[in-house]
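Before we start, here is the structure in question, set down as structure tokens.
Each chain gets a letter, A, B, C and D, in the order it is written, and its residues are counted from 1.
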């Protein structure tokens, strides 16, 4: 049994792919995420059918944006989907008649990077995905760390700032409130508001959004930074420093050998990673008296989630 | 090979014991910690000799207060011993002619609790020792988590407060600056200073130290709390809340099934643990929508470090 | 010239009154706040006309929710009104043909409390109004402190938490994000969300909002606390502690003799003020070695703003 | 009565001068600060005698490092002198047979700068002295703000960081723990320790202290920064940013027209003040929508305290 189906279930899109044992994606399709578990199950089944005969009867792995139970059957809490305690694996398995396992999406991506990507060969790897929020996955000695209840690696909710910015998880000061694409957009808009009030400053960003702060997106910042705008570059560097700050906390717990940075924002490369590395080094306990994790960009891109989910499903079915 | 020698190397004392395969301590002795690695090696060798014929030639495990390298041979950084990069395992092995492995002391204790103590049976356990500082050890699926460079589980240096209290590790705001015996003593002394200035308040603590804040020790606070003094009880509860706060950060990374609290301060039982549990629950991301770690007192007491070190040595030698 | 007209211009309502030299309100009327400066000027003029012959030709003082310039003529920045740099005093003066002065609303209320209310007789008084946000006013030696540019006493924007909750002023961690009616409502809703997810807890608040967190208002919390509900009482106490925490910062700058707490939330009396006093004392620099400000409830209620504005106008016209 | 005597009483030195009505220092002498109030009174009397006939019988103003009571007679709390509640003015007045008033040293310096120095002409001025700690003084409309109990302007104890670095005042996170000469020295030493451990970095500072971090002083950092060392420059800039951060909090309360920066560290000029100005602007509530305080260096140097104390004494005696 050499191929398996991987599903990446996000708040806006569902990606489904047929993945070979070496991690190669043979075929792939997408759906918009409909409302409610039943419609999601139907959309996935439809996408699997579209992948053709080779996909039929194959084990399916789902990487879902949310908290997943230790048995890998239920979505416990998924704010983006507005789901609480949904038995998704059973529902899809009933529909398709194949084994289905469920995993947190960043865990699935971490597994993929550890097996086939930037973490290959590392005994101790942490993946941090920086997108709308922050996701995390931990692979130690060739095993995905799932925790006592399936919720290990929820790194976006690592508390960094006491009484800090409120988070959708019900807490405040979570890492993803400071080091995500959302945080980047918010910081950029604040800067533009101030510049407009002062009548000076942040010219490149003001131009990019046509003078309307609410029209400014993270991609404007990234493009401006790539084009050499120092204000946009500093916004990215600030995001990188918050990234490094959280990584130092992760290192106090796990001391990973390799940290892989994925997600859309990671596409900024060293404009993001160099400030992250510098801040990580500066904030590491006993810095200078210990070896330090290497911080690398992810290699598998946006397919990592479905590749990892498929590989976990194949492994579970073997 | 059923017995092994365990060593617990601290800043003030060295405990050495002969430990059976079931974790039972057959014999034990102590030395004061001398200055410098050579004298420490000599003191350990002398203590092993005192344990008699049964100890001779047995594998030795050392649990040391400090950062230990991934090869389990060298002490990288030990502020209490004022050591930097000492090849302790090789030195002791040369002296005794037996295999020696080195482990962080809290890691060794975690191993002991996971095998023989409060964590037995848990797939995912974190030990937090609350003493002068905070130590940590992580055992997942029957394996001690050592990290990419041997420094995993340095939980005392988890950053909780940005720009917070300075720490001996070179950073600031580390967990152990808020939730350790040292923090308890400092908070109690500050309270007594204020009460003396105001001419009222904290009567039990003022009496316990004879009106000299610098004479006040953590044990005074613990005794007063045990005797029902509400001021001392609140100091312990505050320590417990800081403990719970850090545990919520640990849970965001590892989601342990069981948290075991050890170290001297853990002797306060539920006066410490109940506030810790309440704060942990309050601060957990997505609290209410997920299962929660059980927070238990340690069971092996102060011998945990040497028991775990011996067991790790026995396992390595097998 | 013994009477003057006072105007309290808020984001939702405009209150206009005729005020005697002893601070007594002879007559009063209200309007909803219309959109835009022109409509606001018309509404005020209309309200003044309604007050009758005695009001005609009298000096007018406006207390406005926002930043006011040092010349007391222009609203520099009023997020609730969505105004930037509006010459309100001139516009109203043109319309009425009488002298008009403009003042920040909390400054006006502080003046009223210092002259006729809870601060009468104090050389050094700070008013803190706790409503939707936090307002502040400072009266030293019988003079209102207006600052170099008219913006003194913007206490709601005192920074308490680095990288804390975002604030409408463009900064983060401002006092009013933690110690206002808005903060109370948010904390109560979060508690209800968690209680609903856990299926237990916060029963009185869950009942008060019929199980819909978004329907919960601050008044529900205040009513429940008044009825003895411990959960609601703790929410108010927590607000009180944040209040005391900010007051300790104010005391480090100003060392006031009297602090007066006004605004809607202050109606909770000692359920709010006792925790505020305790936290203030606990957080005061050199506490125990210095006299401490008395923290009193305001006495003039919701009319304080227009009473103070009128008195300032009368004084300016004399 | 045109001249008066000014005394600047610090923890290590006492400066005594004869000051003319225009602020000019006609004569000056110094003593080391002896132990205990009696010896201090004797030392001051001896120094006044040394100033000669012109000083005899003149009113004396003392500026003391500590909390002073509202009656300007008693030192309430002076950690550097280790005094609590000392009736210093009465003791010196008894000894000299002249009127004596007592003032906080930074208040006295603020008065001098407002009358004769960098704050001359400003209606609303705050002095911040950056030395071992931070001192503050406030002058509004030609009057020194003393607060309800004499302790206004204790700006060094403005709380900036919740649960931050412990302070001698009994609180934690006080401004002076982050933006003082002491903080600068500590940050520089930490950097050197880290550089030595890593075997690279901070070369200029390592050289300046001969490789001994404990030998490194703030003056080394200032000299290195003046010579162009970027590491030292960044340390000063970081101090400047903390300075600006606290000033934004002061502005939320007082909105001063002018901020004067004095004390030894202020000698770094724009290397300190430019980062302070930038951070102040960045952190000001409603920044861009309001005028901003001008941040200026002090003009009177180390004599400011005794000049101001003398002038206050002359004014009180008139």
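Here is the rule we go by: a residue touches a chain if its C-beta (ideal position, glycine included) is under 8 Å from a C-beta of that chain, and two chains touch if they have at least 3 such contacts.
Just so we're on the same page, UniProt names per chain: A, B, C, D = Glucokinase.
Not measured: the values here are computed from a predicted model.
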Cα superposition angle of chain A (Glucokinase) on its copy chain D (Glucokinase), in degrees to the nearest 5: 180
Geometric centre distance via CA averages, chain C (Glucokinase)-chain B (Glucokinase), whole Å: 50
Inter-centroid spacing, chain B (Glucokinase) versus chain A (Glucokinase) (mean Cα positions, whole Å): 34
CA centroid of chain A (Glucokinase) to CA centroid of chain C (Glucokinase), Å: 44
Touching two or more other chains - residue numbers and ranges from chain B (Glucokinase): 84, 161-163, 170, 193-194, 197, 287-289
Category of the chain touch graph - line, ring, star, complete, other: complete
Touching residues (chain side chain D (Glucokinase), partner chain A (Glucokinase)) in the complex: 162-163, 193-198, 287-289
Parts of chain B (Glucokinase) lying in touch with chain D (Glucokinase), wherever the complex brings them together: 84, 161-166, 170, 172-173, 178, 186, 190, 193-194, 197
Chain D (Glucokinase)-facing residues of chain C (Glucokinase), complex: 67, 70, 76-77, 84-85, 122-124, 136, 138, 140-141, 143, 145-155, 157-162, 167, 169-171, 174, 245, 248-258, 283-293
